[in-house]
C-alpha cells in the first residue's frame, strides 16, 4: 500500500521525454513531451482531457504516466511517491490503481482467445477476488455496471461482438480493479457516433457514482467538452493552454487554441464557419530554435518577442493557464 | 420537378454482395437525385451501405459485389447501360471519385505531377507536355498548393496535402460530379476544415456537384445543401440540411443528430443500443424497428415503410409520418 | 491432397516386396506399361518403386529441415525482436551473415568433408541454411507485435514479460509460423532436389531428387527414357502444390476469424 503523503493523487512535474531518431550517423533529438506539469487531487474525481492533434505528445504522456516509458527528466508522483522509485510491491499497487483503455476496440484483444480471458487475468494477477464463484461474481457485476449482460458477452470471441461492446468490456476490465484513475486514450474515435454516446456517458457515470477520475486523451474537442471538467491543450509537446472545459472552448486565449476551436465543425447548419481558412501552401519542416515559441510559424499574432523567448505557462486568473506572450 | 435541374438521378438501385451461399443486401432499392452545382451529403454509420452506393453509382463495384437492378441517369443517360468503352469516356471527365483513405493510395515512388498526369492522360485526351505542365500547375493552385509540390513525392507531404493532391486529381478533367468517400477522416481538425471548405469552393468555382459521404454529422452540417441518411442499405430520410437537422422525422436521424456533442449547446447525448442488422437476414418490416424507441406495435415489425415525399423535397420512410 | 500423397508413399513403401535399389532385378529400360507402371531404368530398377521410396524420403528431409528451421528461427528471431538492444544486435549480425552465405559452395565444401550418404545427413546440411530466413521474419513480426495495444493491455493486467511472450505474442505468430513451416518445407524439397541433381545427395538411398540425378547420370534424356525423369519431376510438382494447399488450409484452421 502506498500511503498518502501529499495532497495530490497524481502529480506530473516537468515531465520531458526525448527520443533520438535517425540512423547510424544522423541522430536527431525529438522532444515528444516538453516540460509538462499538472495535478489530479484526491478531493473530488475529475475528468481531465489531454487534447491535441497528432504529434502533440498526448499519447506519449499517457505512456509515461502508465510507466511504459521512462521519462528523460521530470517526475510522475503517485500519492507522493515517484513511480520510478517505487518498490515492486508499490508499483504493482500503482498499476492496480491507475488503469487504461485504448483506442482500438479490436486490437486489444487476442483474436484467438475468448473475451473472458481479458477479464479473468487481472483478477488473478492482482488478487482482487478468489478464483471461482467470487471472481465470476465480480466479473458479472462489472459487466452490468458498464451496461452489458454477462450471458450475452461471456464465452464469445472478439469478432463476434460489436466495437461498442468490446470497448465496454475494456472499461469493465479496468473497473473491476477498482482503480482511482483510468487513462482513456481515444476510447471512442473508432466507434460509430451512436455507440460513442454510450461509452462517454458510462465514463461520466463512473466518475460521478463511483469516484473514478479519468484522463481522457483525444483530438476531438467536442467530446472533450462534453465530459471533461478540465482541458489541457498540447502543441508539439508543450502545454499551451489549461483550464476549465467551458472556458477553453468558449473563450480561448492562445491563438492556436482559437484556431482549433474555430475549426471544430458544429452539428447544426445554423452555425457554419464564417471565414475561409487558408491552409498552408507547403509544410516544409522548419528548424525551430529551442528558444522560440513553437507556434511562431503559424501564428497570426506573432511578434518579435515570440522568436526570441519561449512563453511560459502562467496563471491568468481562476486556475486558468496560458503560454503566450499576448497574455501575461 | 424540371429534369434539367438534376445532374444525377438514381432510381431503385439494388446492389448485393455474394457471401458464401447467401447474399448481403448492401444497397436496397435506393432512389436519390443530385441537383446541378449542389453538395449532397450521404450520412450513416458503418455498414449502412453508403460506400457501396458510391461504388455502384460510379460502376466501380467489383465482385463479390454486383448491381442487380436500377437506373443511374447522368444528365438523362443511363450509365448502367453504357458499354465499357463509353463508360471510360464518362469516367473522370464527367464523374470522378475520391475513395476512402485515398491519401494513402498515392503511389509512393511517383512524383505528384506524374500521378496527376496519369489521371489526365488516362481518361482525357492527349495533351502536349507543355500544356500538361501548365494544367498541373493550375490544379495545384486550385487546391491551394504551391507549385513546388509537383516535383515532390508523397512521403514528403503531410496527410492534408496528400488529400489535396487527390482532390486535384479528381477535378483534373472538370467533372460534373465528384463523389468523395470520407474525405476527412484521419485528418486533424484544422486541416479537415480546410478540405471541407475547399470542396465547397470547387462547387462554386467549377459548378460541379459534390456528393460527400461521411458518418460525421457535424461535417455534413457544415457544408452540404441536402442530406440523405442511410440505414441498413436504405435511405430513411432526405431533404434540405437545415430541415433535416431542425426537425428530423425519422427516429434514426433524430438519434444520430443527438449523438453528436456540440460545443455550442450543452445537451444530453442520446445513443442507440443494439447493433445494425445483419443484412443477410434483415429483420421483418422496418429494418430499424428493433432499435426504435417509437416503433408502433403491429405495424413497424410487419410492414416495411415506403420512401415517400411528404413535402416538397422532403422524403422519409417511416410509419410515424404519413 | 498431401494426405493422399503421404498415404500413397507410406503405404506403397510397406507394400514394396523388394528393395528398389538393387540393380538388375528387372529388364532394363522398359517404357511404362501395365506390368511396370512407370517403367524401369538402366540399372534394372522399377521406377514406381523408386518413386514411392523417394517421395517418402524427400518428405522426411523436408519436414526435418522445416521443423529445425522454423523452431530455431522462431526462437532466435523472437529473442532478437523482443529483447532488443545488444542481444538484438548480436543475433542480427549472426542472422545476416547466415543469410548471405552462398549455399551451394558451402554445401559442396561440407559434402567434401562428410560424404553425404544418409537421409538425415542431407537434412542436417540443409537445415544449417534454413533458419536464417524465418528468424528474420519472426524478428520483424515480433517487433511490430511488441508495440500493439494488446501487449500494453497485458502489462496493465499484470502479466510479466515471459508470460506475455508465450500467451500473447506466440499465438499471434502461430499462423505466421505455420505459414513459415509450409514455406520451409517447400524450400527444403527444392533444395534437396537441387543438391541431389548435382550429385551431393544421399547416395545410399533414394529421394526424388536422387532419381533425377541418376536419370541424368545415365543420360536418360538423350536416350529417350523419358519416364525416368518425368516421374520424379511430376512428383516434385505435385509435392509442392500439395504443400502449398496444406499451408492455406492451416491458415483457416488457426485463425478463428476465417472459420466458417
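Which chain is which? They are A, B and C, in the order written, and residues in each are numbered from 1.
Convention: a contact is a pair of C-beta atoms (placed from the backbone, for glycine too) under 8 Å apart; a residue touches a chain by one contact, two chains touch by 3 or more.
Computed from a predicted structure; not experimentally measured.
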Chain at maximum distance from subunit A, centres defined as averaged CA atoms: C
Two chains joined by the most C-beta pairs in contact, as defined above: A-B
Cα-centroid distance, subunit A relative to subunit C, in whole angstrom: 50
Subunit A and subunit B: spacing of chain centres that average the CA atoms, whole Å: 33
Residue ranges of subunit B in contact with subunit A within the complex: 45-46, 144-146, 148-149, 157-158, 160-161, 164, 188-194, 196-198, 201, 215-219, 221-223, 241-242, 245, 255-266, 269-273, 275
Contacting residues of subunit A [partner subunit B, same complex]: 53-54, 162, 192-198, 200-201, 219-223, 225-226, 249-250, 259-261, 263-273, 276-279, 281-283
Subunit A contact footprint on subunit C (complex, rising order): 148-150, 152-159, 167-168, 171-172, 174, 254-257
Subunit A residues within the subunit C interface of the complex: 66, 68, 92, 95, 99-100, 102-104, 107-113, 118, 121-122, 124-126, 157, 159, 170, 173
